[in-house]
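Two complexes follow with chain A in common, the first pairing it with chain B and the second with chain C.
Moving on to the complex of A and B:
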């Protein structure tokens, strides 16, 4: 079977699967639509966050989010552990074209600004820590591609970044368990809810967004740095 | 309505991306798919999911895929300029070697990236696997190199030197000089060429002569020599693929046509 035939079969398969999935989604209704409605009705009162999504995943379903953070931490650890056995590859000295460098110099700071906005206002408008971290990580990846790994690593040294990344995880774990010390249930929000719509509102959602944003950013950077050091991908 | 149009287009874009033979085009198609999906989420009143899809699918994953194909999806060739073989003309590159390499890259489904570097840097970059191939009027000498291999020869030429004995037996490739070819003409005018050049080739000698500069004392070395490309000995698959492409080029008569177009 030629490569073209395989590609054609795959293309037809994907189209057929997409149409099938769309049909199933359309024909089936959700098992319990009232359940989600109850969450939405209670959300503002319980969390104080005007972004309902952030209110649910950083307060009402914080345990799920905590596990997601742990999964990401394990992924970072795994990449660093397995690549640490690989030999170092010299950093390529052929630089990118001027167009790429200028575009990255212009877009990089804008992406970092957008990332900061998403982390700071994630409890008020769409966004949040995960999206903020991924944007900042992508921005650093583009900067590393354009300006070279050595110059970028000089600004964000991987061994220091790894320490901060682990410290953030430890801080988040301590923060969610602190209520136990105070005689309350774990994961209880200790910060005041404030007035919905204000920057200082939503209890712990704002600090969580900032911490998750920083953690995802630093974790993404560690993965990129590990690939560059041991695989010479940049 | 717009949501349904986008939903209908998603499998079409996915299919088109999958059918692309150029990897970069396929990745751009995947990025477009993610952006359309993000727009669909937005129209379904799920802006948080839309942002996540756009940041991960369109930005991060696209960048990681581009990194992954950076070495595999691109044929990186380093060369010093030689008029007639590989040289910049305005905003494009032309020459016999360029045409051969462009045809090879196209046949392999790769994007050709040419980087002009000083002559002595060409061998270093290819030997350290930072570039796939080295070009720019390189002549293999009988002494084999431990790290670098050569492709089949594509054009007969000659080697010239001010001091024929200076082209040492240990040197595996000619020509040999400091810096870029473009710096040779001013040096020839100043009369300092002989101090920085160990060996030159016919194409470079002709190109310098066209500037009306005298090249007194330059002697043609004995023997039959020809141009070839260099690549790492470890790149056996690339060598094999190039050899098979070159054989097709030679037997079909296309090589003769190319030589006729570029070499007078």
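Moving on to the complex of A and C:
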């Protein structure tokens, strides 16, 4: 049996299994899990955050989020390490478009503003630190396209950015372990909950959103800078 | 319905992952599989007539389940990390073997003698 036949049989098997699963899923209805009811019933009093998703991942399931941050940090480290050891491949530069340059100069600051809004109001409205960081990283990519990689790197030097990014990770880890020093359980929220619906509410969720936003932004910038340096051109 | 669509997307992603030889297409297939997982989780948390899970004290709303949405965030971040790292490995392979065809890379690897097999980096 040739490799092509094996692949074809495998593909037909996967398609049949997927269609079967899709049909079963369409016919079944999912019951409401009890765990979700518990989260829905308790969360507003426990977290003080109007945005229940933010309340879950930055308060009730903070441990998951810490691991997410660690996974992101490892990815940034890995990309930088492997690209710094790979040989650079200079790519011929593309012709620039005046329309892109002007549009990007306009859209870049707007995207940064949106990012700040998402980080600040992530506990009150849709958004949060991860989304804010990705938007800010995209904004910096816009700026780098418009103003050139060298000029942008001169403002946000990768080696300094890498230091700050690691410092934020350490700060977050110290922050979540601080309650242990005070004789309380780790990950306990030490800040007051405030009144739900107001900016200063949700305890540590607002600082977490700002820190995660900054970390994801800097990490995304480091990845962009590593790829650009490897290519020799953005 | 969305859950059923998610399984169709999963099947498409798996088929592309198995059949396509191009490494970049394989990465795109991985992204599709991740999207199917996200769609499935969101569909599990769906409620008929449910609004976004943002609620002020005193408000009574029928909300969609926020727990799967929180889990989706993990899925997105992990997928981003995997794709970024995998893309770097694909770039290194392309530099070494000058192709994105996985079969050709496997053939060249098979022809390489152990003496030629240098540590990757």
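Going forward, the second predicted complex is superposed on the first by the 192 of 234 C-alpha atoms of A that agree within 3 Å, B and C clash if a C-alpha of one lies under 4 Å from a C-alpha of the other, contacts with A are read in each partner's own complex, and residues count from 1 in each chain.
We adopt the following convention: a residue touches a chain if its C-beta (ideal position, glycine included) is under 8 Å from a C-beta of that chain, and two chains touch if they have at least 3 such contacts.
Just so it is clear, the model here is predicted, and its values are computed rather than measured.
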item: Greater chain A contact set [chain C / chain B]; value: C
item: Partner chain(s) touched by A:15 [first = chain B, second = chain C, both, neither]; value: both
item: Partner chain in contact with A:126 - chain B first, chain C second, else both or neither; value: both
item: Which of chain B and chain C A:184 touches, first, second, both or neither; value: neither
item: Chain B versus chain C as contact partner of A:53, first or second or both or neither; value: both
item: First (chain B), second (chain C), both or neither touched by A:160; value: neither
item: Touching partner for A:145 - first (chain B), second (chain C), both, neither; value: first
item: Chain B versus chain C as contact partner of A:135, first or second or both or neither; value: first
item: Touching partner for A:118 - first (chain B), second (chain C), both, neither; value: first
item: Chain A residues contacted in one complex by chain B, in the other by chain C; value: 7, 10-11, 14-15, 18-19, 22, 51, 53, 126, 128, 130
item: Chain C residues touching chain A - in the complex, by the definition given at the top; value: 1, 3-8, 10-12, 14-15, 18-19, 44-45, 52-57, 63, 65-67, 69-70, 73-74, 76-78, 80-82, 84-85, 88-89, 91-92, 95, 121
item: Of chain A, residues touching chain C in the complex; value: 7, 10-11, 14-15, 17-19, 21-23, 25-26, 30, 32-33, 35-36, 39-40, 43-44, 50-53, 55-57, 61, 64-65, 67-68, 71-72, 74-75, 78-79, 82-83, 85-87, 89, 124-126, 128, 130, 195-197, 223, 230
item: Chain A residues within the chain B interface of the complex; value: 7-8, 10-12, 14-15, 18-19, 22, 51, 53-54, 90, 92-94, 118, 126-128, 130-131, 134-135, 137-138, 141-142, 145, 220, 227, 233-234
item: In the complex, chain B residues that touch chain A; value: 7, 10-12, 14-15, 18-19, 47-48, 50-52, 55-56, 59-60, 63-64, 66-68, 70-71, 76, 78, 115, 125, 128, 130-131
